[in-house]
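Scrolling down, you'll hit the structures one after another.
Shared chain: chain A. Partners: chain B in the first complex, chain C in the second.
Right, the complex of A and B next:
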C-alpha cells in the first residue's frame, strides 16, 4: 500500500510529465483500436457486398458444372432440391436461377451478355438485385417478356425503361431460342462488370422460351446464421444427391477473401511499425522520467528500500498511467468504432475517380463508405495489448536503475 | 435440322433453315467476315458481333465462326507439311502472328489424289485437342470430289456429335446478286 501511495504521490508531483505520458498513451490506444476497427469493418463490408450483390452466401450446382459449365451439367430437378432445402431449419431463404448467355439486339446494336432467369420474390431474399433498382420496376412472378437490365449494358445497347429489344440464345435443350423483350427496370449494383453484362427475366417466362422447366444452373441460399455457414454447407451437402455440390462464399469468392486476408496482413505490418514508434516514444519518455528521479531512488535505496520494491513502485506508476490511458483511449476508440459503424465514413470524391477505376479493374464493389467494426472482444484485446506495451516500456529503465548502488545513485548528476 | 445454302466463292453465303418447324425461316447471310441472322418469330435482323463468333451455331457443335468463316485457314494460318504417307498429307497450320483466331494449331489430313480433306484436329493455345472434324461420304460432281458428310466431335463433350450431310449439291448454279443482300434475309425467309 505504501508503494502505491508513493507511486500516486510521484505522479501527482510531476503532473506535466504524467499528463504528457497519459495523453500519448491515450491517443495511441484510441488510434490503434479505431484503425483496427476501420480495417476490419471495411473488409467485412467489401466481402458482404460482394456476396450479397449477386453470388450469395451458399450455392448448389451440378458437381461437373464448374469445370464444364454447359447445359449437360445442370440441376435437373430443382423443385425437389428446393423441397429438401425447405426442411433444413438453418436455411433462411433459397432461390433458383438459370444462367445462360444471349445476344441482346436493338436496331442499332447487338451485344452479348448474361441472360439469367430468377424467381423474383425468392431472389429478393438471397441477393441485392431488387434493392439495386435505379429506374422502372423490379420483376414479378407473372412477368413475361420483361427484362431487368444492368445500367451499363442498357447504356451500351442504347435502351431505357419501356424500350424494346430482342434476344437470341440457346435453350436448355440446345434448341434455338429468341424473343422480344421490354426493359422493365434498370439496376446498378456498383459491380461494374456485372452491371455491364447482366440481364434478368422471370423464370416462369424463361422456362417457356428456353425449355428449362424445373431445371436450374444454380440454387442460391442464405443461412439463418452466417457464422455457422461451414456447418450448414455440410448439412445441406449431406441432404442432397452426390451429383450436386454445395459451396459457400468462402470457396466461390476465394480470391477476394484471400485478397482481404493479404490486405489485413499489410494492415498488421503497418500497425506493427506504428507499435514500434509508439513503443519507443513512450519508452523514451519513461526512460527520461525514471532517470530524472535517480537521486531520489538512491535515497530510497539508502534508507532500506530493496531493488524489488523500487521495481514494484515504478511498475505501479506505469500500471496507474497505463490503466488510465488504456481506459480512456479504449473508451474513445470504442466510441469512434461504434459511431463509424453506424455512420460510416464517406469519401465520395475518392470513389468518383480512382476507386471506381480500381474497382472496375478488379471487379470489386466501388464503396463510397468505410464503416468501422464495433467488436467488443477485439477492442478488449487491443486494450490488453496497449496495456502490456505500457508496462514493457518501463522494464528497461527499471533494470538500468537497479544496477546503481545507493551511493552511485545519490551522487548521480 | 434441314437447311439450304447458297454460296458464291468463299466470301458470300446465304443459309435458310427448313426444319424443325419452330426454326423454319431463320436465315443467315454472310458477306466477307460479317454475319447477319433474321429470326421470323421476332421479325428481326440481327448482326452477329465478333464477340459471338465462337458461340454455338443453332445449338450445334459448330460455331458462328465456322459458318461465317470469319477466320480463314488460308489467310490466317501458315501451313507446314509435317507428314506424308502413301495416301495422305498431314499439314500443320499455325496462326499468323496477328491473325484474329482462337485455335492454337490445326492439324489437317488431306487425301493425296484429289486433295480431299479427311480430318481436321483443332488445338487450343495450350496444345490440348478441342475438337475433331471428320470428312467422309465423298461424291463426285463432274470433275469435283466432295466429302458430303462432316462429323464434328467436341473433345470437352465427347457424348456430343454434330453431323452435316449434304443431300444435294449444285455447282455453278445461277444465283441472283439479290440473294446476298440484307433484304434477302427477310424475303427468302418465307
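Right, the complex of A and C next:
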C-alpha cells in the first residue's frame, strides 16, 4: 500500500510529464484499436460484397468440374441435391445455376459473355443480383427469352431495356444453341468486370434451349450463421454423394482473402513504425522520470528499501499510467469503432479518388464507404497488447536504476 | 569553417552529451529507427506503385496511347485508326518516344472442348513487341512465337488455368468482322504469359496481327501504344502529337486518363507518406523536447553562472541548440546510412515474396518488390529532423530566458 501511495504521489508531483506520457499512450491505444477496427471492417466489407454479389458463401459442384470444367462434369440430379439441402437446418437458402458462355450479337456488335441460368426467386436469397437492378425488371420464374444484363455489357452491345439481341452457345448436349432474347432488365453490382460480362436468363427457359433439365454447374448456398461456415461445409459434404464437392468462399475466393491479409500486414507495418516512435518517446519520458529521482532512490535504498521494492514502486507507477491510458484509449477506440460501424466513413471525404475507377483497376467491388468493425473481444486483446507494450517500455530504465549501489545513486550528478 | 568560440561551444555540447549518454542515445536511436522505418516505407511503397503503373502501361496502353475518339467508350472495331503509318512516321521523329507498337484489340469468345468465355484478343507483331514491352520476358511456359503460319497464340496464365489449356492445346476464337459477320479460327497455344497486368493475365489472348486482320478485315489498327523515355513528358508529347496529327477522329491519351486509378493511387500514396512522416516527426519532437527541457532545467545553475560572468544569452541558446542538433543529426546520419543501404539492397535485389505472388497479382504487383531510392527522401527527412530539433528547443530556451542569472544560481536542484 505504501509503495502504491508513493507511486501516486510521484505521478502527481510531476504532473506535466505524467500527462504527456498518459496522452501519448492513450492516443496510441485509441489509434491501434481504431486502425484495427477500420482495417477489419473494410476488409470484411470487401469480402462480404465480393461473396454476396454473385459467387455465394458456399457452392456445390461436380468434383471433377474444377479440373475439367466441361459438360461431362455437372450436377446431374440437381433436384435431389436441393431436396437434401432443404433438410439441413444450417442452410438458409440455396439456388441452382447453370453457367455457360455465349456470343451475344446485335446488328452492330458481337461480344462474348457469361450466359447463366438462374432460378430467379431462389437466386434473390443467395446473391445481390435482384438488388442490383438499375433499369427495367428482374427475372421471374415464368420468363422465357428474357435477359437480365450487366450495364457495362449492355453499353458495349448498345442495347437497353426492351431491345432485342441474339445469342449462340453450346448446349449441355454439346449441340449448338441459339435464340433471340429481349433485354428485360439491367443490373449494376459495382464489380466492373462482372457487369461487363454477365447475362442471366430464367432456368426454365434455359433448360429448353440448352437441354439442361435438372442439370446444374453450381448449387449456391447461404448458411444461417456465416461464422460456422466451415462446420456447415463439412456437414453438407457428408450429406452428399462422393462425386459432388462442397466449397466455401474461403476456398473459392482464396486470392481475395490472401490479398486482404497482405493489406493487413502492410497496415501493421505502417502502424508498427508509428508505435516504435511513440513508445520510444514514452520510454524517454520514463527514463527521464526514473533518472531524475536517482538520488531519491539512492536514499530509499540506503534506509533499507530492497531493489525489488524499488522495482515494484516504479512498476506500480508504470501500471497506473498504463491502466489509465489503456482504459481511456480503449474507451475512445471502442467508441470510434462503434460509431463508424454504424456510420461508415465516406471515402470521398478522405481522399479525392474516384472509388469506381479505383475498384475497377483491381477488379473489386466499388464501395464508397469505409466501415469499422466493433468487436469487443478484439478490442480487449488490443488493450492487453498496449498494456504489455507500456510495461515493456519502462522496464529498461527500471532495470538500469537497480544497477546503482545506494552510495553511487546518492552521489549521482 | 567554425570560429574558435563556435568550436568551444561545440566541445561543451559534446561533453554534456557524453555526461548524459543514456538519454542522448535514446533520442539518437529513436531518430535512427524512425528514419529507417520512414525511408523503407517511402521507398518500398513508391516502388510498389511504380511497379503497378509500369505493369499496366508497359504491356497495356503505354505511357501515351493513340486511338479512335470513339473506341474508348465503344470498343467497336469500326472505330479504328485507318492509316497508322502516317502517325508512326510522326513518332519516328519525336525524340521523347522510346518505342511504339500498333495493335488490334477486340472482344471475342474463346472456347475449348467443354468450356467457353469472353476474351480480349490482341493482335500484335512479335518483333515490335519485343523491342517495346520485352514481352518475351513474361513467358512462363512455352515459346514466344506464333508458329510458322501465324496460328499460334499466347494466353494469359489465369485464363489458361481457367480454360484448363496448356501448350499445344487448341482453342476456338469467335469474333465479329467489319461486315458484322461472325468468324472463327482455331489457334494453338504456344506460350503462357504472366505480365501482372490483369487485363492480359485473366482475360487476354495474343495472336498474330496479320492473322487477326485476315479474320476481322481491319486494315488499320485500334491502338498505337507508345512508351516514352521519361514518363513525365506525356503531357508535352500529347500536345505535340495532337498539333501534328490534326485529325478529329484520332485521340491521344495519357496513361493517367486511361488508368486514372493508378495516378490517384500514386497521389494517395504520397499523401499517406507525408501524413505519416509529419505524424512521426511531431511525436519525435515531443521526445526531443522532453530531453532538452530536462537537460536545460538540470543545468540552470550552470547557465546562471555563465550568464553572471558575461556569457551572452545568445551563446547559451546556441549551446543548447548545438547539443540537440548533435544528438538528432547523429541519429539522422545513422538512420540515413542504414535506411539508405537497405533501400539500395531492395532496389538491386528486391524483396522476394513469391509465396504471395497470386495475391500480389490482384494488385498488379510482381512478387518481388523493388524499392525506389530518391534524394528527396533524405532531404525531406533532413529538413524534418532539423525542424523538429529546432522546434523542440524553443520552449526550453524561453524558459531559461525568463529566469534571471542570480535566481538561477540560487536555484536548488
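Observations on the structure shown:
Going forward, the second predicted complex is superposed on the first by the 397 of 413 C-alpha atoms of A that agree within 3 Å, B and C clash if a C-alpha of one lies under 4 Å from a C-alpha of the other, contacts with A are read in each partner's own complex, and residues count from 1 in each chain.
Simple rule for what comes next: a contact is a pair of C-beta atoms (placed from the backbone, for glycine too) under 8 Å apart; a residue touches a chain by one contact, two chains touch by 3 or more.
Worth saying up front: this structure is predicted, and the values here are computed from it rather than measured.
Applying the stated clash criterion after superposition on chain A shows that chain B and chain C collide. Chain A is touched at more residues by one of its partners, and among chain B and chain C that partner is C.
Of the two partner chains, both chain B and chain C are touched by A:103.
When the two complexes are overlaid on their common chain A, residue A:170 makes contact with chain B and with chain C alike.
Judged by the touch definition given at the top, the superposed model places A:237 against neither chain B nor chain C. By the document's definition of touching, neither partner reaches A:92: not chain B, not chain C.
With both structures placed on the common chain, the touch criterion links A:178 to chain B but leaves chain C unconnected.
In the superposition on chain A, A:214 contacts neither chain B nor chain C. When both complexes are overlaid on chain A, the residue A:72 reaches chain B and chain C alike.
Contacts of A:112 after superposition on the shared chain: both chain B and chain C are touched. Steric collision with chain B, judged by C-alpha atoms after aligning on chain A, is confined to one stretch of chain C among 163-171, 217-225 or 307-315, namely 163-171. In the superposition on chain A, the residues of chain A contacted by chain B and by chain C overlap at 68, 70, 72, 101, 103, 105, 110-112, 168, 170.
Listing the residues of chain B that touch chain A in their complex gives 22-23, 26, 37, 39, 41-42, 44, 46-49, 51-52, 55-56, 58-60, 156-157, 159.
Residues of chain A that touch chain C in their complex: 17, 20, 24, 67-73, 100-103, 105, 107-114, 155-156, 158, 168-170, 197, 255-256, 258-259, 261-262, 269-270, 272-274, 276-278, 280-281, 283-285, 287-288, 291-292, 351-354, 357-358, 360-363, 400.
Chain C contributes residues 22-23, 26-27, 29-30, 33-34, 37-38, 41, 56, 74-76, 107-119, 162-164, 174-176, 180, 182, 198, 202, 259-262, 264-265, 267-268, 271, 276, 279-280, 283-284, 286-287, 290-291, 294, 298, 356, 358-364 to its touches with chain A in the complex. Contact residues on chain A toward chain B in their complex (touch as defined above): 68, 70, 72, 101, 103, 105, 110-112, 166, 168, 170-171, 173-176, 178-180.
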